[in-house]
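Next up: some structures, all given as structure tokens.
Same chain, two partners: chain A is paired with chain B first, then with chain C.
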Partner chain A sequence: MAAPNCWRCLARPSQRLLAPTSTSSSLAVPVTTATFSTSARLAKKEGGGLSSHVRTGKKLVLGRKKKQDPGKPVLPGERKAFRKRIQLSNDNALEVPGLAQVTAATLVDPAAAGKIVGLPDALIDQLRTVEAFKPTQNWGLFRSPHMLVRQETVDLIKDMTDKVQKKQTVRTVITGERGSGKSILGLQVLSAGLLNKWVVINIPEAQELSTAHTDYSPIPKSEMFSHPTYILKLMQAIYSANKDILSKLQVGLEHIHLPFSVPRSMSLAALANATKEPDFAWPTFHALWQELLLPGRPPIMFNLDGLSHMMRVSDYRNPAFELIHCHDLALLRLFADALGGKTQFPNGAAITGVMTKGNCPKLPSVDMALEQAAAAQAGTEIPARDPFYRKYDDRVFDALKGVSVFNVKGVSKPEARALMEYWAASGVLRMRVDEKNVSEKWTLAGSGVLGEMERASLYVVRL
Partner chain B sequence: MASKVNPWGVCRSLCIRSRPALQCAERRAALPLARRGLADDTTTRSDGPNANASRPPPAKYVRPPPEHFADNWLNAEALAKLEQAAAGQDLFDEDPGHKFGMPALPGKDDKLQNRYPTVIHQITRLLMRDGKLSQAERHMSLILNFLRTAPAPKINPLRPLLPGSPPPEQLPLNPILYLTLAIDSVAPLMRIKNMKGMAGGGNALELPEPLTARQRRRIAILWILDVVNKKKSRGSGRTQFASRMAEEIVSVVEGKSSVWDKRQTVHKLATAARANLNHPAIASKRGRR
Partner chain C sequence: MVFIMSVNFHPRKLVKKTLETFYGLGAQTSARIMAKYSIHPLARLETVPPKTITSLTAELSTMTIDNDARRLVQDNIQRLRDMGTYRGRRHAMGLPVRGQKTRNQIVTARKLNILERGGGDRPMGS
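Up next is the complex of A and B:
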């Protein structure tokens, strides 16, 4: 590397910079300018010596702050997009050959329990549109999305599909410890619905609807409130995830209250896609829901993640500045009625609410209602409410009346082994997968709680 | 070499038996302890010849006759062992009582806190703000995850990494190595020690000083952190800091980072200042020693 100072001459760098050198700029000056000038201003500009103060550069200036280049400003929505970005593939990870793709039959096959299956591309697109993937899940560590078919998955989905095929309504609440794979089980339920060609509606995060971060407006001639923008987005998701099914169905009811004409020849896909106006979002969505409830339609799958967030008083206010109960928000009431069994589904339906434990408000009503539902399911004595607690919410008890509670626990050791073998084959887990290591991680993870198994084995430093 | 007489051998033989231990008559009888009554005074007791006379002499030990083919479990075990040997299996292979064998014992200098690789441990502590170690650990973990998912770096031949480093395609799957390589490659070898007033006229004498591995890494991490803290964030949430830091590490490996310039400056200064090691003030000191 050349030294900044000239070795030969003893000039200081400051002197050297002031001294004329044979650079192109100094050569260019005599060519472009005349040898004399009548304009003092021009001469000044070229010379540059007279315009500034004589002592410029020799004065000591303290406290002048350099202005830093602020760079490109962060656009609105860019930070949130960064936070919510979901990466589903990692080209560095190795491809795991020999794994089957998931089908509708796989998810109900007892022989497939404990196997890793891949998700086909069409299903990935559909799941993406219904927002079944979450940013906190580690899809991005692997080459392509794969999931473990657990014994619980097969049990739940087999029971669900059998009943829905008999045109019954299955109302399930998925609970379990934190990190035990409730949301992934919800994703598997959604993929079963999509693979079975049911009409799938998914609310990915109930918290978005109850913490007053989404716009809302009162519904005329009703005590309820709707989320216009959110419902528009939801209808877009319903449209793109169920396009094939909805485009084959025709409108069967009169919808005179809608601001646009709905002829009988219109398909339900067109109805779902009919409006871009937030004002008409709720009426259109309600019309679509009424259409789907007609006999002869395909079964409905309605999922909601973060069930506890919709079982409380929301942070929204009504015009009298009182807090609104979540069940007075139209979309959430629709789900609560479906889950509580108030809505009749003539074509069969699977209504699933997934509890959340990581970020969960403390709700004694929900706990008691789920305990009672679990006791009723097991046929044991139904526990009574605490007589000294007066804040029980009867609407919560109504919404959870008669649901079947599905408790997700840790995976078994063979399932843990299948999972760890997949991780190792992907190159993410650098460890010999033998009986000892599987046992060790399984035990460290509190008898195979999936999230804890990831923490114990996938991360170098605990997350 | 470890001595054969160590406490661990004893610990191994201490095991819980579900069945009663074999009654061993020999050991129980063979303890020649002098008996003392409760009222005997320990200080004034005299072990005279008449003291022994009151006690009956110990009975002579008679060895019981050996019971061949007795119905005891040790025989059954031994027979099982013999059968095992006959089947061609190794007798001393298994470790009864431990499904997966004994765990490896911690080394002499191992501590509970040293559960992570050295570099990871050091970076985590340097990332920590306000004593929030677990937050720093989460950052560390997310940084490693980011390195795993980022595309493989393109190495700049002008900024070579440490010799013997693996090809860049292999780095993302080994994020610890990736991180260690980045930090060890930009770490400066020397630092400049300023000896106050030694150059004469109140000027400091600059002397180069070699650094230990830990010190070198510390300086490199702090340089990287300086750059990261000045970088503008374009995201939000928990991965925000980690992705900024990881991007800087990738740019270090790719030779784009300004940290390389800092390293070069320090090395150049140190090269220039090595002439000062012959300065009379230093040389005389060295001579005195």
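Up next is the complex of A and C:
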């Protein structure tokens, strides 16, 4: 007997609901529909009430993602503050007993070369206000700040203090390989200045002034531009670092161009602290500088780190939309004149420019000027400029005319040993400090380049 | 809040970005205006003295920017349309104007070639 439905409809009964093929037979239809109706599934769904999906149990069900509380949003400037924070102590590090504190005599004593000395608290505060510590230096690994007095330190600072005491001007450029300790030497120079009670002015990063990241304004009746906010900050730093010296000095000149009255009884500290107005920052700073240049004042120490950044055309533009040369920015012009010997210092001065090598623009003029200065210092033949290079900057040559170039090299092995013993005593270096290990690290660091020695020894524990 | 050209801006907004919100004023012009008033490229409105803000507004009001600039472009397109030129028609249809193929890749034309080019006028005080 043939079925009333076609074989295809038997095979797929649901099709029959969609397209009924035969209505002639009423006999077979109820049977097939009853067997294959969806009502059974519906009933099951109502009874179970769990998951409606056909593939229940075969599906991978992950736990629902928990929404985390995003917390407080990061405030403007917070990330930068974290990046630039300077940590000078670490309670987890061991205290190293038996180390002397640095004094003005230590830094010029040849016997102290190769020794580790601690920084007294007052000096730390002063160095912190003049921003001598840098975020890239590993002060945060140790219990309290200590530094290695190198042979170079003693040579440089002894020469400097001797000459300044004779009221001469010492103009130095500290250069050397990347990581060789130029900035630390700059810090030691600053410490010497602070301990000798000189008036210390420090520009911690010349890059901040030349990359157009801080505000500037034209100085009326001059072709120069000033950095009002930066100069206010700098004057605050000068005030707090040199408060003791400046408060004993009285104003000696008439400053009628200043917007506030400056009586003769006013101290220089009060003058440095006199204004909070960005408009008057440069005139006040200039007045303070003029006062410091009067005969009978203490010697001046003027430092700048990142010298190459102030020897180029800055990223600022003048109203005519031309780029401004860094030496047309008043504060940098002041330093360039001092370094180039244009400014006369009747009381003696130490002007130090520290080169940077890790982050350094390529400047053939600076290289050539320093080569020439080094040759003149050594008494050898002065190299000539490349006749086929047109872009030499004469202002750079003027600013570096007659400077003494101080080349920082790697430390000697005894110095490296003293340093490693200090590291080991602080608990950051976990190895025997003997001839072999010292020699190994010293060699690994390219004949004792300090930054490389730190990389080879300390970066295991650095966070 | 800082008002420039009677438009309200947040004080934390960069001066460069503020200037470039005006239609017809781009990177080149904003850099030149900022150099003219000695404002550094990363300056925010809060650091600019009120005197300079006033001069900025005065400077901008002499320039053909924003609604004026928009209307200028729209008028040019409208003129082509009114004359019944091919370019005017292509603008009205949102199709490429300068003889490009239209088989594919005419997204820019669809976006730009319209009678109301540059959007509507900026409402005052926003």
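Annotations for the structure displayed:
Please note the rule applied: the second predicted complex is superposed on the first by the 390 of 463 C-alpha atoms of A that agree within 3 Å, B and C clash if a C-alpha of one lies under 4 Å from a C-alpha of the other, contacts with A are read in each partner's own complex, and residues count from 1 in each chain.
In this section, contacts are C-beta pairs under 8 Å (C-beta built on N, C-alpha and C of every residue); 3 or more make two chains touch, one makes a residue touch a chain.
Please read these numbers as outputs of a predicted model, since none were measured by experiment.
By the touch criterion stated above, A:Pro76 is placed in contact with chain C alone, chain B being left untouched.
Contacts of A:Asp215 after superposition on the shared chain: chain C is touched, whereas chain B is not. Greater residue coverage of chain A by touch, when chain B is weighed against chain C, goes to B. By the touch criterion stated above, A:Tyr316 is placed in contact with chain C alone, chain B being left untouched. By the touch criterion stated above, A:Thr103 is placed in contact with neither chain B nor chain C.
Contacts of A:Asn90 after superposition on the shared chain: chain B is touched, whereas chain C is not. Judged by the touch definition given at the top, the superposed model places A:Gln236 against neither chain B nor chain C. After overlaying the two complexes on the shared chain, residue contacts for A:Phe225 are found with chain C alone; chain B is out of touch. On the chain A side of its complex with chain B, the touching residues are 1, 70-71, 74, 78-80, 82-83, 87, 90-94, 138, 140-141, 427-428, 430, 435-436, 439, 459-463. Across the complex, chain C meets chain A through its residues 12, 31-32, 35-43, 47. Of all the residues in chain B, the ones that touch chain A in their complex are 99-100, 116-117, 120, 124, 137-138, 140-142, 144-145, 148-152, 172-176, 232, 234-237, 239-240, 264, 268. Residue ranges of chain A in contact with chain C, taken from their complex: 76, 212-218, 225, 315-321.
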